[in-house]
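The chains carry the letters A, B, C, D and E, assigned in the order they are written, with residues numbered from 1 in each.
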Amino acid sequence: MALFEGRSLHCRRGGRDVFAALDFALPAGGALLLTGPNGSGKSSLLRLMAGLLKPAGGALLWDGRPIAEAPEEHARRLHYLGHLDAVKPVLSVTENLQFWAALRGTTKALGGSLDAALERFALTDLAAVPGRLLSSGQRRRLALARLVAAPAELWLLDEPSVGLDHASVGRLAAAIAEHRASGGRVVVATHTALDLGDPIPLSLDSLAPPPLPEMVW
Amino acid sequence: MALFEGRSLHCRRGGRDVFAALDFALPAGGALLLTGPNGSGKSSLLRLMAGLLKPAGGALLWDGRPIAEAPEEHARRLHYLGHLDAVKPVLSVTENLQFWAALRGTTKALGGSLDAALERFALTDLAAVPGRLLSSGQRRRLALARLVAAPAELWLLDEPSVGLDHASVGRLAAAIAEHRASGGRVVVATHTALDLGDPIPLSLDSLAPPPLPEMVW
Amino acid sequence: MKGFLLVIGRDLRLALRQRADAWLAVLFFVLTAALFPFGIGPEPNLLARIAPGIIWVVALLAVLLSLERLFLADFEDGSLEQLLLSPLPLEAAVLAKVLAHWLTTGLPLIAAAPLLAVLFHMDLAGLGVLMLAMLLGTPILSLVGAVGAALTLGARRGGVLIPLLVLPLYIPALIFGVGAVDAALQGFAARPHLLLLAAVLLVMLVITPLASAAALRQALE
Amino acid sequence: MKGFLLVIGRDLRLALRQRADAWLAVLFFVLTAALFPFGIGPEPNLLARIAPGIIWVVALLAVLLSLERLFLADFEDGSLEQLLLSPLPLEAAVLAKVLAHWLTTGLPLIAAAPLLAVLFHMDLAGLGVLMLAMLLGTPILSLVGAVGAALTLGARRGGVLIPLLVLPLYIPALIFGVGAVDAALQGFAARPHLLLLAAVLLVMLVITPLASAAALRQALE
Amino acid sequence: MHRFANPARFTRLADRILPFVAVGTVLALAVGFYLALFVSPPDYQQGESVRIMYVHVPSAWMAMFIYVGIAVASAVALIWRHPLADLAAKASSPIGAGFAFLTLVTGSLWGRPMWGTWWEWDGRLTSMLILFFLYLGHMALLNAFEDSQRGYRAAAILALVGVVNIPIIKFSVDWWSTLHQPTSVMRLDGPTIHPSMLWPLLIVALGFKLYYLTVVLLRIKSELIAARLRALDLAMVKGA
């Protein structure tokens, strides 16, 4: 079964080292929990995993193959949820979701999977509401709905529970559990309690905080 | 001792009622904790209290006087922390903080109070780092530092602990406690655990969204 | 291909939902052109003399400015990241967005050209060629401008502003475009100019997607 | 007053830190003006004839475009809310921002004017008056533009909307500005034109802070 | 002040007024155009084409009148926050733009026979063109926001800034057009025109005013209904 691993990863941002010599291995059905103080590099690591950032050193491998060799292929197998929600104010909740799902090519199953996704995050009665009217948490939930609307093997979640109320956090945990049960894997960076069952902990804390930047322009 | 109260507040956004007939009273040294599911109107209420939004009905009173009568005066006595951090990417952490503190007219004490504020949220060794290099949590901490850099009687905090690591959440709680001990008051909206000691709970959940509004503009 | 159409459809829908947008470029076009008589004076034959040049320069500005925000909204709300991670190649997405944009701004400009021709007392004999030239020219402007727009995104984090470096790239389109009209007005063949425009267009069709996509990738780092 | 200076200082510092914004206007000014010879042809006397008009129109566009960013950044990153809640009256803050903006864009334009005058073979006898007129005129442009910028905050594609709102209001400044130069070039007195410019400037100094502040308040609702 | 803020009451009032103004519009325009087209004499130098004036001039007047109306409504809306004033302003600007456009079109149609071109950069023509753009700006701003309330406020402020500027603009444009050699149009001036032409002119003008009133009332009503429908949509959305 394929393994998603990082080997001696080295990340530089804004001219300074964020972390170095970082290794991880994530089997199918596994969950990787990123913890660490602010600025320790959780978001950076997730962007590395998504291929949005290029590592300054080391490599990310999928089933032993460097993802750098086939970035499109890697992109197709992952969902990345950053700090931004990618919600269009003038499109309704459904339209917002539909576009991204359709882009993932799951048009045929659409009708069903869309409603299911909305249901999953209690957005059903907001379905017709334009994105601009959503509160911060509602918008976040819409972003989460993308995960289930179109299937993807690897979920990369950056503080997914930000702004969610209690009920919604529960729904998120359930969605993750189900995803993993069906062999999916997930990487989560969070500061708040989020039940992942048996996550593989990865603390970026250990890496000494970088000194003052050499070159601040 | 002055009392900060809201009387039968009515809030309408995007042509629809968010909450109505909401009352609260906040004595000096008190803490008001806003809870409620997504979209229940916590952020809206905080913007009302800051005077950024005008209530569709009801009134906000300070010491019995409607704040609408003297908005500038009210603005001077409060700190509002919304979802946005007001951090300039090209200014260093210190410069960012300094501007807002100076604008509050606390120039003389500045040197001291600035360092103290940075210290308070463990930003001291980031002091020279430009805002664009900050991680989400670091940026949030900088926004929080504004609260202590220049004194203000009323703190309005919208999900202040978003993106903060454990240590920082503790520091925030401590800052709030100290503020209250010196007679300050604070209103906090949050979904996550934040130790406020003995807050006055105000759940917006209970308020069922009223039926079709009569006057629809 | 499906993704390509999806993106076009979405951008068109966004543009139509906010009807104003489609009009703004045209209005800017007409308004800005209308400023020149105030600066230059109302003498009909002088205006007629410089009409083609003014119309082209203003069209060029209208496209450039409306394009500045081509990627901005998607960049700021995170849609661009998602687009980059979607199965659709970023190059295709770029092309789709540019096309959608041209449909909602380039075309209206061409439709408004006759109005300006009248306002500037331009000899209407040249009108046909003017519009034909714009039909070939405005897509060039959109394509070139898209590169600038993509480059600006990265630059927003306090770099130099690039779209101005794009302006010089507009000069060929400008020269051939005006050349075609002047030729027609003086009774020469406009054909060669138009062919040159077409050639430039083809080149840009190749360059733009690559350049823009590259710029967007680094903007998202 | 202290707050007023603080805001100016901050905006100047921001502008200088991200050189882009400071250069944007001048570069646009020069580059755009440089397009016209390509569109209109190189005949010196024709260019000289239209020089004042072109220079003014382009200056007007340059200011207009640089103004789009005047409040946008502060609006998007939450600084504007904080500014509104600060002890400094919002009207004063607006004036401070406009002033800082003019210092970083209006002034450079004036400095660049001689270059264009030469480029267009303009009779340098008029240069002094041109720069004097711009000294009075560009602040008007900044002030009027500020209202437009404030009104369109939070609007969809706000930036593109600004020209439509503002350009018509620019026309008086344009007319008097060009009038002054033309008068000087034809040996008439430029004084009345300049006085009219000054008058318009005063009116705008009153209107802008009120209108902009009102607009900003409702933008933050 | 807010007595008519209640949509129901306003609608009732409007329904009562509408029939009269509507009929009035038809009558005035019918009579006015009859006189204009058949009774009034052709112009000794302009011939039949002078009849365009009977549309041209009144619409020009309307275009100017309506902008002032919008400014007043805007002031009311900003000061007393009277919702109907917002709607009135919103309802007016397309009509004003329409009249300005009509002035431009009839004008240029008139210009064709008069001075052989569709357009002259004459002061009056030009300021009408600018007014037309001011209208467009007002309309664009009204519709530029997701939240209609913001559109109202912004547009109201713009309208007020606009009226302050219009005199300045008109003055500067006249100054400009006389500064350069004045294009010798508009030989016949309003006041000095013959009664047999003046009467139809005034009657058509009245017709236009009534037409404006009719359409504004109708548009406000439909706005109210639309708002109600939007509210119904939103009401189906429970907060969470």
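General observations
Rule of thumb we're sticking to: a residue touches a chain if its C-beta (ideal position, glycine included) is under 8 Å from a C-beta of that chain, and two chains touch if they have at least 3 such contacts.
All values reported here derive from a predicted model rather than from experimental measurement.
Graph distance from chain A to chain D, where chains that touch are one step apart, equals 2. Of all chains, the one whose Cα centroid sits at the greatest distance from that of chain D is A.
Chain centres here are means of the Cα atoms, and by that rule the chain farthest away from chain C is B. If you average the Cα atoms of chain B and of chain C, the two centres end up 45 Å apart. Each chain gets one centre point, the mean of its Cα atoms, and the points for chain B and chain E are 47 Å apart. Averaged Cα coordinates give chain A a centre that lies 55 Å from the centre of chain E. With each centre defined as the average position of its C-alpha atoms, the distance from chain B to chain D rounds to 37 Å. The set of chain E residues that touch two or more partner chains comprises 133, 136, 140, 144, 146-147, 149, 176, 234, 237-238, 240.
Shared interface positions of chain D, defined as residues touching 2 or more other chains, are 17-18, 76, 156-157, 161, 164, 167-168, 171, 175, 221.
Residues of chain B in contact with two or more other chains: 14, 16, 37-39, 83, 90, 132. Against chain E, the residues of chain C that register as touching in their complex are 18-20, 23-24, 27, 31, 34, 37-38, 41-44, 47, 118-119, 121. Those residues of chain A that touch chain C in the complex are listed here as 50-54, 72, 75-76, 78, 80, 82-88, 90-91, 95, 99-100, 102-105, 107, 146.
Against chain E, in their complex, chain D makes its touches with residues 147, 151-152, 154-158, 161, 164-165, 167-169, 171-172, 175-176, 179, 182, 196, 200, 203, 207, 211, 214-215, 218-219, 221. Residue ranges on chain B touching chain E, taken from their complex, read 14-16, 18, 37-41, 209, 211-213, 215-217. Looking at the complex, you find that chain C touches chain D at residues 18, 20-21, 24-25, 27-28, 31-32, 35-36, 38-41, 46, 49-50, 52-54, 56-57, 60-61, 65-66, 68-69, 73, 76, 155, 158-161, 164, 167-168, 170-171, 174-175, 178.
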